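Working notes, beginning with the structure itself.
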Amino acid sequence: MRKITINPVTRIEGHAKITLQLDEVGEVATARFHVNEFRGFEKFCEGRLFTEMPNITPRICGICPVSHAVASAKAGEMIMKVTPPVAGELVRRLIHLGQHISSHALSFFHLSCPDLLLGWGGDPARRNIVGLAAAHPDVARRGIRLRQFGQEISERITGKKIHAIGIVAGGMLQPLTEEAREALRAWVPEARETVRLGLELLARHCAEHADEVRDFDRFETLYLGTVGPEGEHELYDGRLRFVDARGGMLADQLDPARYLDWIAEQPVEWSYLKYPYYRPLGPERGVYRVGPLARLNVASRMKTPLAQAEFERFRALAEGGPVHGSFRYHQARLIETLGCVEEIELLLDDPRITSDETQAQARRNQAEGVGCSESPRGTLFHHYVTDAGGLLTGVNLLIATGQNNPAMNRSILDVARRHVRGNDISEEALNRVEGAIRCYDPCLSCSTHAVGSMPLVIELRNARGDLTGCWARGTGG
Amino acid sequence: MARQYEMIMRHSRNSSGTAEPPRTDTRYKRIAAAMQKHQCRPDALIEILHKVQDAFGYLPMEAVRFVAREMRVPPSRVYGVATFYHFFSLKPKGKHNCVICTGTACHVRGAQAIVNEIQQQLGLRPGQTTADGKLGVQIARCIGCCGLAPAVVLDDQVLAKVKPGEMVETLRARVGGAR
Amino acid sequence: MRKKLATVWLGGCSGCHMSFLDLDERLLEIAQWADVVKSPVVDQKEFPEVDVVLVEGAVVNAEHEEEIVLMRRRSRVLVAFGDCAVTANVPSMRNAWPKEVVLRRSYLEVPGTVEGRVPTEEVAALIDRVRPLHELVKVDFFLPGCPPSADLIYYVLTELLHDRVPVLDEARLKFG
Amino acid sequence: MLGKLDEITARVRQRSQEYRLKLQVCCGAGCLSSGAGELLEELKRAVAAQGLEGEVGVVPTGCMGPCNQGPLVRVSPDDTMYEKVVAGEAAGLVECHCGRGEEVRAKLLFSGGEGPVCERASEHPFFRLQRRVALENCGVINPESLEDYIAAGGYRALYHALTGMSREEVIAEIKQSGLRGRGGAGYPTGLKWETVYKHVSAEKYVICNGDEGDPGAFMDRGILEGDPHRVLEGMAIAAYAVGARKGYLYVRAEYPLAIKRFELAIKNARAQHLLGSQVLGTEFQFEVEIRVGAGAFVCGEETALIASIEGRRGQPQPRPPYPAERGLWGKPTLINNVETFANIVPILIQGGEWYASIGTPKSAGTKAFALAGKINNTGLIEVPMGTTLRQIIFDIGGGVPDGKRFKAAQTGGPSGGCIPEEHLDVPVDFESVVKLGSIMGSGGLIVMDESSSMVDVARFFMEFCMDESCGKCVPCRVGTKQMYDLLHRICEGRGTESDLALLEELAPMVKETSLCGLGMTAPNPLLSTLRYFREEYLALIPRRAEGASVGPSAHQP
Amino acid sequence: MNEIVSIQLDGNELKVELGRTILDVCREAGVDLPVMCYLEGLSVVGACRLCVVEIEGSPRLFPACTTPVAANQAIRTQTEKLKRYRRMIVELFFAERNHVCAVCVANNACELQDLARRVGMDHVRFPYLFPECGVDASHPHAVLDHNRCILCTRCVRVCDEVEGAHTWDVMGRGHASRVIADFNEPWGSSTTCTSCGKCVQVCPTGALWPKAASMGNLRKEPGKIGELVAKRKLNA
């Protein structure tokens, strides 16, 4: 037996690595994705006041802080038994959509485009956003600006791009000013064009590399996402829908507050990331995926016309059933981004959004609260239990990337089995394995996240664990 | 902190409300008399707390509440004073008490070894009392018997030039061999 | 002379890196002065010498402890990048409990957990206390903020990459 | 009234003349804990049994000094002292010395040690090099007997002051004496009295500070236990001089014997009109109350002590206003420590000029020291200012036991510092000790030998200061904690050179910015050990990994 | 009116009234001295030591808040040493408890946070002590978080001196000191607290805050106490 260790996210960043265990004949027996990072929010939030959580939990992740803030605020609202005023909700939605845009833009333009446009076999040292800027300045610039638009929304409202101050239990502290509304409106056409460009790039890539795309893992899982009352795609305030691998409805319109009835988590010895599964089907058959691919697989439709058109094209890939190929995450991400831009435009046009009445005040009115929102990487749950004074006595956080963990492991295994054989590990094999992870855009700060190039090292180990060989990529060695 | 807090809370609940301390208890009578002597002047607070500790061996919360009420001193002030001075204890001490002097002279002559030995052999750290309440171990900053260093005060008796092993044996003998 | 710049991420939320990306088009300007070595190499032997390294995050586990020492050795200027690196910030909130208690909560006690167990294999062991960088290595420059704004990052990087010493005056210096 | 004092004196003297021999048994705290109480009774029994009752008196006294050798018995007027006399040896001793007139050579003081043994105790260097002024009655008279005190000349100074001196004259005498506060800071006592005197107020207070908190110091204990009336009389004189009618003795709860004896002294003095409304038949009135401390070193600080007497947390106040101006209950208050008050009576009796002639020009008089640590003759001594440490440690103290090498002397307790061998010949006075990086302090003197780790000593004192910090001001509250943690790290072998650098940066800040003396002096043991024994610190610091260090910020704006 | 004397403040000649404190004089002269424990309207405790100044001819440092001016004093308020010491004191504050500005309700409304910027504290060199501190949320309207308490005792003083309730005091000593309500009981069960909210207003950090507040909308008005006390004096 040999063991191969891959560190896609370098040892220096040290958050995650992959090990491949080979059997006697050199076939991949197991593939494991190890998350190295643990910070302990579930414990150290205990003893804090529940109203502080919308400012603490964003520190779980700097890429999707708004989703955490929103989930926290919603859990707080359940504890207070209060609903934010309309303007509060609309502004919050706006920021939330902005975050989806910036996160998705980051994933596609900053992280994936270098691969797509510079080629999988390009010089790893240049395969990053800077290298992209040199080779395709327009694409890079537009990608950067799309992300900037998303960040700008938060800044225009709260004064801060990351870890915004103002998302509170009960609504928002700040209204949207007329000035901000106009400034943001001005961005919309450009943003829409950039997403379209992204979709075109992706479509071209898929056409040129049809085999590769098809070849990417296509194992089947269940899907979880939130949907609106009519089953429409909904990021901010939907109810849970599970579909099975054939697209059949497993459960629909579930109250997120009862997430524990549907989702269980199993820790493993070898990763800080747990193995969640769809509880009624158990750990083996209950593997599900979340995130853009899942959301598009569970949704009956998109809320906006342009996104809907893309959605229909997307679903046609699988004749209306779920699209399983994880490479299609990229596409789903861009479709969502398009939907976000459209929805932002609608929100900015809503006359109610600039009202000063953005926050509802209330005290703690019940002990427990669950907040749920869709983060860019998937469905997010915050679950708080408070004492009489409002101090947290129990905190449970179910994070998007965590829910993709079983699927990511399966994806790696899937890819590795096809491309890794014995001692002969090709450059391409490394890329494939890495690519399998990147499809999910795993947020490993919510687990970890790599920015830019991801040099790999593979260590071959014999059965006793002694190092017998080492391949490194991205360092010229 | 939290644990301590809880403990104190339990005390306060036991004695909260209108439940008067047992006036018939002669100890309370003595405390009341001392307060009378000082006309309940707030400046006598420390003197009175000394009396309480004399009477009970420590400062029971009930008695502390009683003092605050009778002397009309704000509760937080009484508690602040009671916890400022190390001589006062809000916890009952042991039936037997072993006070290890850790003054300079005793320190350079090996007081720490006594503390360590007691901790290792009897499992008692300074400030702790055995579960059965038989033996309490404390440390003192300096008992002014530097000529006798290292010195230990066992039940008000000063032991001079104490050797760690012998000290443990003495303590075992004092509490009847109980660990 | 083009500089070599690295950015590294230890125990933090990546928010500082996101703020770095908020440089937006100024990223390309930075790229004119420095080769951005964004994800340095795995193997310690191959960690390149760099002129400036921005280190985000606190020292949370045993691997971070080794990494920060290595990075110090290979970097001319080491910048504690953001509050976690400077003060240990939010990750240090766990220091109020023994690490075992914190792990037990997340892997054995939280609701919904089935067959709870604390991860011990192939994962970096937590250290007893989360610490800021300067408790382990010499830090040349401190850039507080949660996260530091892109403008601030731009200012500091511009100065450092031009061999000047950035000055955080009252207007630029802020925790939180 | 003077007649009454004379009458008592005559009576006591006559009674003691009846005795051919007097067996004085040291009943200081040290000897008591070695069995002096039992010995006293046994001696009385032996005297009675051997039919010597009329000619041999057995009397308890306060601390005689060599605490290490207790229980001690002195035979007067033979000037013979016996050491380590256990109760079982009483009969033999009485029979031999009192009966047959033979000295018990094997039990002579210091015969168990390595140094000289003298038949006449006063010829032994331990006593010969001492000059007992504040302690003159300690170990001589029965501390529980007012009559003994009066017979030793007691309360005459008070009478003299009340009847023959104006308040200004008293203060002038004290000023002339050059007496400086014996509590540690060495502020001129006369000036202090004058300041309180000059502040006009219907109410003023005199406080005797007996909160001897320095670990390793027991001079005040010795005095309070051995000669309580001396302190009481000194307080009364001070009260007359500054215009106070009420006094407090603030004493540690750890000194129950001192409390008991002082209480008795107050009671007896009141009964003889030496306290109360018409003291010694004059218009002067003076009451004294005892306030028992409750275990807080910081209460040695004047303003904290006042807070404690007022029944509050013993936290110091910023000065100004000084207690002399606004002290107890906001009234002008004089605070001196026990030893200072014990010096007042001899100054008034023999004159300020006399007192000033003892000691050095800037530090007049004598100073009591408590010798302890790695030294042969531990105990309580009093020497003229200007005596060298070498004389104190090697001649009086008999040097370091077990053939070990002397390393350092620690003076001034947690506020002081360590003085190494090379400075032992410096004459001890307020200024010179400060120059060496220590302070005179209240008189605790701890000797360290080569086996003592000076870093450990620094940590010990820092832990003390950290525990005793009242928590009011930030530099002391947090600074002592930080310094302790850093020292602890170094002691445990986990320190770095930058820890040392941090310590050296923090210490001066704490020293200069703390609110009261505790914080201002807390870094002293650290700084002085760093000054003289830096290599011990460095030896504890492991060679650190390359690049791993903590340094002061390179780029401060 | 007291005697007028002349002093030198950072090299500038000034005529000032005897009996006033150096801090008063500095404020009037526009010299910016940092303070934490000092608050107009409350008794002066001189505990934070931030306002220490140098007076020529004395080796000691003097807290400006308690030291009265004297004729011909030459006062220095901004020497390098003072700046260094002040920065160190602020570092000690931060190292003492668990101040996490990023998630504190008082973020952007905190005197301690502002102080750090003013004295140029870019990091804390001293090891963080990470003490175990509780949060008391038992009061219906406000929260006490010991993690953020700097023991300035403004709350203790305002409660005693202005409100007259003396709910707050300090227990323990040294670095173990903690602000307590009554007999170290949950604030919400205090029998002396009048819920006047003054303590919350004067608290310089996020240690005391109204439950309804969130990061971003916390506004404290410690200055109100000075005004209140002044008005009372006028009326009396």
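Of note:
In order of appearance the chains are A, B, C, D and E, and numbering begins at 1 in each one.
By definition in this document, a contact is a pair of C-beta atoms (placed from the backbone, for glycine too) under 8 Å apart; a residue touches a chain by one contact, two chains touch by 3 or more.
Treat the numbers as computed from the prediction; the structure is a model and nothing was measured.
Any chain touching subunit A that also touches subunit B appears here: E.
The chain closest to the protein's centre is E, with centres computed as averages of CA atoms. Top contact pair of chains, counted by C-beta pairs, is A-C.
A separation of 26 Å divides the Cα centre of subunit B from that of subunit D.
Chain centres here are Cα averages; for subunit C and subunit E they lie 33 Å apart.
With centres taken as mean Cα positions, subunit C sits 49 Å from subunit B. The distance from the centre of subunit A to the centre of subunit E, each centre being the mean of the chain's C-alpha atoms, comes to 45 Å.
Shown for subunit A are the residues that touch two or more other chains, namely 56, 59, 163. Residue positions of subunit E touching 2 or more other chains: 102-103, 107-108, 120, 122-123, 125, 127, 132-134, 170, 172-173, 186. Within subunit D, residues 296, 313, 467-468, 470, 550, 553, 555, 557 each touch two or more of the remaining chains. Residues 80, 83, 86-90, 92-93, 95-96, 129, 131-132, 134-135, 139, 142, 144, 146, 168-170, 173-176 of subunit C are the ones that touch subunit E when the two sit in their complex. Residues of subunit D that touch subunit E in their complex: 296, 313, 317-318, 320, 466-475, 477-482, 485-486, 502, 505-506, 509, 512-515, 550, 552-553, 555-557. Residue ranges on subunit A touching subunit E, taken from their complex, read 47-49, 51-52, 54-56, 59, 158, 163, 165-166, 168-169, 173-174, 361, 363, 387-391.
Of all the residues in subunit E, the ones that touch subunit A in their complex are 102-103, 105, 107-108, 134-140, 143, 186, 188, 211-212, 214-217. Across the complex, subunit C is touched by residues 7, 9-15, 17, 19, 32, 34-40, 42-46, 56, 58-63, 65, 106, 110, 128-130, 133, 140-141, 144-145, 147-148, 151, 160-163, 259-260, 263-272, 274, 283, 383, 394-396, 398, 445, 449-457, 470, 472, 474-475, 477 of subunit A.
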